[in-house]
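Some structures are shown below for you to check.
Paired with chain B in one complex and with chain C in the other, chain A is shared by the two complexes that follow.
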Partner chain A sequence: MTIRYCFCYKIEYIDRIEIEKEVVILKLELGKIKISDVQFGDKTEVVKGTLYVNKDEIIKLVLEDDRILSANVELARPGESVRIAPVKDVIEPRVKVSGSGAIFPGTINKVKEVGSGRTHALVGATVITCGRIVGFQEGVIDMSGPAAKYTPFSETNNVCIVIEPVEGLETHDYEAAGRMVGLRVAAYIGEAGRNVEPDEIVTYETKPLQEQVKQYPDLPKIGYIHMLQSQGLLHDTYYYGVDAKVMVPTFMYPTEIMDGAIISGNCVAPCDKVTTFHHLNNPVIEDLYKRHGVDLNFIGVVLTNENVFLADKERSSDMTAKLCEFLGLDGVIITEEGYGNPDTDLMMNCRKVSQKGIKVVLITDEFPGRDGKSQSLADATEEGDALVSCGNGNVIINFPPMEKVIGTLDFIETMIGGYEGSLKPDGSIEAELQIIIASTIANGYNKLSAKGY
Partner chain B sequence: MVKEIERAGIPVVHMCTVVPISLTIGANRIIPAVGIPYPLGDPNLGEEKSKKIRRSLVERALKALQTEVTDQTVFEN
Partner chain C sequence: MHKGGTALEKFIITNNDKVYKKYKGKYKIVFLEKGSYTDVLNETRDYIHNGCKLITHPMAGSLKPNQTPYKSVIIGKTSEKTDYSSVILIENSLDAANKFLKHKSTPKWNEKILNDFKTVDLSLIENVIVNPMFNIY
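What follows is the complex of A and B.
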């Protein structure tokens, strides 16, 4: 009798866990709090769509890092005559309201799986880190004028953190300090949204593989291969704090990225730099979810890297193709970060995944020279027969002078896209489009494209 | 550059890390190099060992230059 009782109890216990799993572990509610203005205030808070930030508290937080000598906070709103440079990272303030883990796990919070429960985002607000250049691949944001339309951050209310490193700080340390400052300030501001009722709540859900396949058995199984920049020398991305160059391709639930599982540590070309903002708001994931259960079954994300040794490229693309095959995908979308040798990773992934009988679409930007006559990508493969272009980064554009500069224009001519004579005495600039943050970003979070006729 | 110099009648060895790009652009003699940040050496191994790597790569390149090829060839050894 006793034995039988125990048996029943166990069954009941297992049932309960399974129910818990279904309800708690797989779903993320993203509460969007729309921000239409940013102002300084005594308290960091959101009141009727306006974000107030306490300048002194932010500066105090930034200066906790002893690698930073001094810091200032400046605000940049849409339509203002403001130029921000050199921009290091852009981050959307978010807070984890419920569910496992905290925002930016493995970097500023403990490593703990994220992607479930509820998260609040201050949509329309960002934190921008800028100040003396780290490498040579940081970018420009104009808040008005003809160059503003090329960057999404001319339409957001930006809290700009201008940092000055201590003298003699080694470049990699400076990059790390800037990166952590941005994340910490974004998390601090994100807290202001914890108890605010969101204007909109979007629910995202991906189930474990077998259940996900069963949910929409008649729809094509689609995956997303997200290539993380990992070339080193200030070109790095982190997944739960692990440097992408030392990881092998792995599977990620798409909701994990929305809680900051991936953060940018990149000084790559500004035009296609995937900022932490773009990881949080990945447009491919967003759009795949929109069609999830409608005309496709979004199975999940394969994360891979872009390393500088051929053996790494071969190994990672082999494993990426193997994972896609194992997941039973019918089709994948692949995006890359940066250009040049990562084009080889893109093509290797394309070729090897195609050879598994899986359909592939590539998203990338192009660098065919100022006259548009050269080869657009450094590498190519016959299997790459479906590609969405996010524009030509070599086009030359003119930036009129702005009344105010946040940061400094001292480095314009040595930044990617700039050249000798780019910066004019009146503060206007002539440079390649690639100097603008996210102007040709190779995941489609921009307004440029190319069409074949 | 590789193609234009060859067009002028001078054989070229392309030493590069990302062999697939070299194949795509149409180089005929290719030597796989060490890595993108340090193609002809390895600073992790110190200057002495790095120099040995460099010498062996350059010697392989000189050998490749003197080798008749009928197709794109990667000289692994």
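What follows is the complex of A and C.
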């Protein structure tokens, strides 16, 4: 009797393992619902490619946070004479339709692994949080004119949430309030896509390591080292709710990022801050998937950080190199976020990963001065011999006034890229390119580069 | 505070009074009250050539050297000879700072903005000091 029971139990146990094994393979169907217009409406919904948003419901949702004194919702569409400033974060509305977890796990939803099942994205729509955070930063989005071509968000239909904090709120609290507001509004709007039939469904799939290697045994095994900004106040990033500065390098299935596993708490350099939108739509991951099975085998993502303490850099770069070696990678692409301190992490990762016999390509933007003649990065290593540039953030550009301003122009001269005299009496602006949101974003989600001749 | 067997004696070089007020008495502080961003880097370089090594990155923070007037760097006194990796890092940082300042000097900010810059600079240093590993370096 006893033996028989044991036997039955064993069979059941094996069955369960088999089922779990299927679930482990992270396959995400991303349903893209194309949004070509945004309007206010009585109900937040998507009808024939137009996103309607209920302004009152959004304001009510924002004001649930008692750190926020007032909020307004304004819309900005491609081609309009509209300037948005200062911009904190940009988020694409998404909703998890099936599969484990919910959007932005560990941040606005409970922690549960994401990256499988089905997710719907309102492609062509964004939520932009704007308004004063601190007196000296953020950036500008122009919806038309010469500066529009430098930012991807001149081509999207933007729901702008203009927030004002309560008097005397500490910088830390305000940053957190602004961050959460954007994510909550994006999740609320994302819900409108839950039952809409997507215009396009893209399937992304990464298998567990050994199976992934076997799938394309003859193709080079490529990984992506994604460096997360993690220096401190206004320079933070979160992975499943964990502050990146206190995490150690880890492996991530590339599909996890598409469900909001990583969110931005960085509000420093407009041109190259990786907004939450850019995490959801990471172009390196997108392109590696396009070539997955064609001329490379995309194994996955190694996440690491960019800390201030040099000992942390030592540990993180050691572990990053160790993970790459352990995964058996032939080559990696590394992206960074920011300038200066992160350049050292970039070079340490480059050096240590190269020393494991793995080929490395770096992607970054450059700050070689207005004349382009100075050193582009604040650190270097001889192993760093392959680099894709995302442009020079120091270039001066002039752009004319816009008819409407969402937010305020009070801080133009104190933003990164702005300077005394940047804002002209007629509302036109002369500033360094780095004042424009995502103009030189260091993962390539932009149109600038540099060529060697 | 337990310093650990091999921990270095640490100095904070800063021109940020928020850092000075928070850590005076707890750590040795070289407070350059009227000093500029580059004054802090130059002072740090002098200490490095006199047997100190960098504990924090001199360019911590994404605020550009011609934007924030404040800078705080933590260094540790070593018994060894010159730490060349620290020399390279501080020289690169000085080059980068001068590159930015050559084209545009730091504006004269109002008190509110100066206070925000001080808060961010303090945050970068605070995160290192609360790190459990800080006392063994």
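Structural remarks
Rule of thumb we're sticking to: the second predicted complex is superposed on the first by the 429 of 453 C-alpha atoms of A that agree within 3 Å, B and C clash if a C-alpha of one lies under 4 Å from a C-alpha of the other, contacts with A are read in each partner's own complex, and residues count from 1 in each chain.
Throughout what follows, contacts are C-beta pairs under 8 Å (C-beta built on N, C-alpha and C of every residue); 3 or more make two chains touch, one makes a residue touch a chain.
Because the structure is a prediction, the values reported are computed rather than measured.
Clashing of chain B with chain C is the outcome of superposition onto chain A.
In the superposed model, A:V308 makes contact with both chain B and chain C. In the superposed model, more residues of chain A are touched by C than by the other of chain B and chain C. Once the two complexes are overlaid on the shared chain, A:I416 sits against chain C while remaining clear of chain B.
Once chain A of one complex is fitted onto chain A of the other, the partner contacts of A:M348 are limited to chain B, with no touch recorded for chain C. In the superposed pair of complexes, A:S374 makes contact with chain C only, with no contact to chain B.
Judged by the touch definition given at the top, the superposed model places A:L233 against both chain B and chain C.
Residue overlap on chain A between the chain B contacts of one complex and the chain C contacts of the other covers 231-233, 308-310, 313, 341, 343-344, 375, 378-380.
Within the complex formed with chain A, the chain B residues making contact are 17-21, 24-25, 32, 34-37. Residues of chain A touching chain B in their complex: 231-233, 308-310, 313, 341, 343-344, 347-348, 375, 378-380.
Partner chain A is touched in their complex by these residues of chain C: 54-57, 59-64, 67-68, 89, 92-93, 95-96, 99-100, 102-104, 107, 109-110, 112-113, 116-117, 119-120, 123-128, 131, 133-134, 137.
Those residues of chain A that touch chain C in the complex are listed here as 134-137, 171-172, 229, 231-235, 245, 266, 268-269, 273, 307-313, 338-344, 367-370, 374-375, 378-380, 394, 413-414, 416, 419-420.
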